[in-house]
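Each of the two complexes below includes chain A, the first together with chain B, the second together with chain C.
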Partner chain A sequence: MTVKDQIRAILGQHAKLSTDISAVGDGDDLYAAGMTSHASVTVMLACEDEWDIEFPQQMLKKSTFASVDAIAAALAELDITDGVGSGVSS
Partner chain B sequence: MLSRQVWFGPDERPLYGWVAMPADGLVRGGVVLCPPMGEEGRSAHRTFRRLAEALAGRGLVALRFDYDGTGDSAGLQDDPDRVASWLASVEAARQYLLDLGAPHVSAVGMRLGATLAACQAAASSPFRSLALWDPCLSGRTFLREGEALFLLGEDDGRAHDDGLRHTPGFQYDAATASALRGVDLAKLPEDRPLADRVLLLTRTDRPAPEGIERRVRLEPGDLTFGPATAQDQLLDRTPSDCYVPEEALASVVGWLVAGTDEARVPVKTPEESGVRVASAGPGSRPVLERPTRIGSFGLYGIVDEPVTPTDAPWVVLVNVAAEHHIGPGRRWVEFARRWAGDGYRVVRIDQSGIGDSPSHPGQVEDEPFAPEWIDDMREVVRELAADGSTVVIAGLCSGSYSAFEVALWERVEAVFAVNPRLTLYPAAKGTHVYTPIRRAGIVPAAPIAALARRHRILAGGLWRIYRQVAVWHGPFRVLRSVVRRGTAVHVSACRDDAQHFTEVLFWRPFLARLRRNPRFRFDQDEVFDHSLLSRAGQLATFDRASDFLATYVPLVDRPGTDGVDGRAAS
Partner chain C sequence: MPAPYATPEDLRTVLLDAGLLVQTRTDGLYHRSGDFEGVLQGVERYAAEQRTDATAPRRWFPPIMARDDFLRTDYLRSFPDLVGSVDVFTGGDQEHKQLLAELEEGRDWTLALDPAEVVLSSSICHSLYGTLPTGIPDDGLLHECCGFAFRHEPSLDPARMQSFRMYEFVLVGTPAQAVAHRDLWLQRGLDSLAALGLSVRSDAANDPFFGRVGRMLAANQLHAELKYEVLIDLTEAKPTAIASANYHEDHFGLPFGLTTPDGEVAHSACFGYGLERITLALFATHGTDVTGWPGEVRSLLGC
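And now, the complex of A and B:
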C-alpha cells in the first residue's frame, strides 16, 4: 500500500466527505468536497497515529490538509514516503 | 431543586462551584461533574448545568466546578503546576461532597474532564460510579486537537514563536504541555480500579481511540458502553451555536441513578459565600469576589472589588452571545480581578437565559439578542448607578451591542466595545427575538433576512448596496447617537467589523468628524480576531480597555502599589 493509499484510507474513515473518497482526485480540494475544520483535525491526528509523527506547528494550516497531494507532500517533508517511515509497506 | 454557588478547596486558592440538590436536603449520593477544558468547557456549560439539575431532581447532590486557574476559580491559566492543580481540584470536589454528608461520590467527566477524573481515581481512590463521556485518550491528544483546530481554523497560517501551545481561546505553556503527556487514560495502572461501575460513552461519528476501551475493559466492576450521541452538536460548533445533547445526558443520569438505590440521607445545605478573597496573580493585590443577583429578576453576576470599601466606578463585563460570563479564554475573569486590584468595582454578568442567570417565562435558553436583554441591562445600570455611581460597560460582539443598547436608554459613562456588530440578522422580523423597540440594533429588512438564512454572502452584499441609499440603516449612526448622549466610546475592531461602520459612504464624513471628538476612539487593527480567541487579541483588548478606563473614568483614590506584579492578564 502506498502512502497515498493510506492517506485515502484515513480520509475515508475520518474526513466525512460528501462524496466517496474514490471519486476524489489526488489534487482535488478536500474542503470543497465537504471536509470541515473539525474533520481535518481528526485526519491530522489519524496521520500522526498512523506514522507515529507530530506535524510541526508551521505545518498546521489548512493548505497542508487540502488535498491528497498536499498531505502526501507534508508527509514527505517528514520523511514519510513510499517504503520509508514507520508503519508503511509497499 | 436547590442551587447554590459555593467556594471550596484551599482557602488561598478557592475553587468555584455550584451545588444542585433536592430541596428537602435528602440525597442518595453525590456526583462530581468534571467539565471539559478550554473552549470545550465553554461549550459544555449549559449541558453541565442541565446535568446537575437533572441529577438533583433524581435525589443526588451534584457539584459542578471550575478547575484551579480556570473559569471562575482562583488562579491563572499560566500559573505553574497546572495539571497537578487540576487533578487536586477533582479531589477537592469529591471531598467537598463528602464533607456535605454525601454517603458516597460518583463522577461524570467529559473530554479532558473524564481523563482527569479517571487519573485522579487511579491515583487516589475509586469513585462509586464513573461516567466517561467522550473522554480524551490523553492530555497530549487534547492539546493536539485544540492546537490543530485553532491553527487550521480561526488562526490559519499564523506562526507563533512565543513557546506557547495555542488552542481556541486558551494557551498552554511548555511545562503544562509536558505535564499533560503524563495524563493518559490508556496507561493507567491495571491494578488501580477507577470505580465500582464505569460508563463509557464514545462518539459514533468518528473512530474512538482503541486505548480507551481497552483500559476500561480491564476494570473489575460493572461496565456499560454506549454512544455519545449528538456530541458533534455540542463540541463541533462554536459555544454560542451548540446544543445540549439531551439523549446522552439522559442516559448518563439514568445510569447514575441506577447505581444508587440506598435510602436518602440528609446533607448540609451550603450557604452562598458572601465574600472570599480571590487572587489576581502571585504577588498582586487581593480582591474581594462575591456572587450577586441584580435587578428584580435576579440576573447572576460575580462582583470583584477592592478589599477596602470604595465608591469607585463600576465596570460591567457583559457575557458574549450565548456564552457564560467568563469571556473568551476566561479573560473577563482575569480582567475583572486585575481592574478590581487597581481599584475599580467590576461585575461580570450573564444576561437572562444565559449561563447561570434565570430565564424569563417563555424565554428560550441560550438565545442571543433576546428582547428581554434590553430590560435586563437597563436594570443592571439602574441598580449599580442608584447611589450615584458611575457605570462603564465593556463587551465583545453581542455584548457590545448590549452596551450600546443600554447606553441609548440609561446614563452610561463609557462603553468599550470590541468587534461590535449592530446588524442583527438573528433578530430580524419574523424571528422570535424580534422587537421593534431596539435602539442600537439594525435589523435587516425581512426579505434580506430570509435570504440570509440560505445565502448569507449574497444577502450581505444586497444589504450593503441597499444601505448606501437607506443610510439610516448604517450602524455608524448608533455610535454617533451614543456619543451625543455624552457617553465616551472606544471601538476596537478587526477589519470586517470595522467595515461594518465605514461601508456606508454617507456616514464617512461624520465618522471623520466624530474622530476629532476626544470622547470617541475608533481603532481598526488586525490584532483582533472576531471572537477574541487569539492571545494577541486578548492582551491588546486588556491594554486598550485599561487605558480607556484610566482616561475616561480615572480613579480618584488608587490603592497602594505594594506587591503588584502586573501579571493578571499576561
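And now, the complex of A and C:
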C-alpha cells in the first residue's frame, strides 16, 4: 500500500466528503469536495496515529490537508514516503 | 488614541477603588455597583436600539442552558477548558448523611453529586438554536437574544470575567444571508460603538480553541475570515474585544437539523455586543464618574 493509498483510506473514513474518495483526484481540493474544518482536524489526527508522528506547529493549517498531494507532501517532509514503512524505519 | 491604562491591573485597581466593581474571593468574579449596572443597562438598551428589523423576536436567557443543546454545539471538543457543568444532589437521607460526613472530614463532597440536565451557558446564541423551527423561511430567521455566558478562565484582567452578558443579533439562513448579516452587523457595531466616543477598529480574529487540534482550528478560522472582533485599546498590554461578528457556517445548522427551503443545511451568523466589556471601555475612556461624561454619550445611553 502506497502512502497515497493510506491517505485515501484515512480520507474515506474521516473526511466526510460529499463524493466517494475514489472520485477525487490527487490534486483535487478536499474542502471543495465537502471536507469541513472539523473533519480536516480528524484527518490530521488520523494521519498522526497512522504513522506515529506529530505534525509541527507550522503544518497545522488548512492548506496542509487541502488535497491528497498536499498531505503526501507534508508527510514527505516528515520522512514518510513509499518504502519507508509506517514511520518506524529501522 | 493611546490606551488610557498601562496594564489590566492598573485598570482593575481604578475600577475597584472607584467602587464600580467589587472584588470577591475568586479572580474574574465581580459584583457590579449601581453606577456600573446603570451604564450596562443603558448599553443593553442602546445595543437593542440598533436593530434593523422591528419584528424580530427578542429573548432574554437565564444563565443556564439544556445539557443536550450544549452537547450539540460541540463546545466540549473546542473549549473543554472553559466549560462549566452543573452538578446537583439527587440522593435521599442516607446519601445526605454521607455527603455531610464527607464535608465534615474535608473530603470531596462533590463526588456525591450528579450532573444536572443543565449546564452554565457557554455562549448566548447556543441557547437559541434548539428552540427554533427546523424549517427556516426564505428570508432567513432573525432573532435578538441577551443573557449570561460562563467561561472558566480566572484572571486579574477585569475585561476577562468568568460570567458576563452579551446582546446578540442572530441570523439563520442561507450561506449568503449569514455572511451578509455578519458583514452588515460588523459595520453597524463599529459605527454604534464609535458614536459612544470609543476608539474602535475591527480585525479578523480566532476563538481560543483548546490544545494542538485547537491551533489548527484557530488557523482555519482566521484563514477563512469567519470571525471579526471590534477592538479597543484599554491598556497597553493588548487590545480588548468588546464585540464580535461571527459566521458559523453550518456548525449549528447541522446538529440542530435546521434547513433552508432548498433542503440544504442552514448556516448562521451572529453579532454580539459584550455588555460588561463595553461598559468597562466607557469607564476607561470617559472616566469613573458618569456625571463627567460627554453629554451626547450620556444621552445615547440614557444614564
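Odds and ends about this structure:
What we mean here is this: the second predicted complex is superposed on the first by the 85 of 90 C-alpha atoms of A that agree within 3 Å, B and C clash if a C-alpha of one lies under 4 Å from a C-alpha of the other, contacts with A are read in each partner's own complex, and residues count from 1 in each chain.
Throughout what follows, a residue touches a chain if its C-beta (ideal position, glycine included) is under 8 Å from a C-beta of that chain, and two chains touch if they have at least 3 such contacts.
On a predicted model such as this, the values are computed, not experimentally measured, just so you know.
Judged by the touch definition given at the top, the superposed model places A:Met44 against both chain B and chain C. When chain A is checked against chain B and against chain C, the one touching more of its residues turns out to be B. With both structures placed on the common chain, the touch criterion links A:Lys16 to chain B but leaves chain C unconnected.
In the superposed pair of complexes, A:Gln57 makes contact with chain B and with chain C alike. Of the two partner chains placed around the shared chain by superposition, neither chain B nor chain C is touched by A:Ala32.
The interface of chain A with chain B overlaps its interface with chain C at residues 36-38, 40-41, 44-45, 54, 57, 60-62. Across the complex, chain A is touched by residues 74, 77, 212-213, 215-217, 219-221, 223-224, 249-250 of chain C. Listed in rising order, the residues of chain A touching chain C in the complex are 36-38, 40-41, 44-45, 54, 57, 60-62. Partner chain A is touched in their complex by these residues of chain B: 141, 144-145, 147-149, 151-153, 156-157, 159-160, 205-207, 232, 236.
Chain A contributes residues 13-14, 16, 36-38, 40-42, 44-45, 48, 54-55, 57-58, 60-63, 65 to its touches with chain B in the complex.
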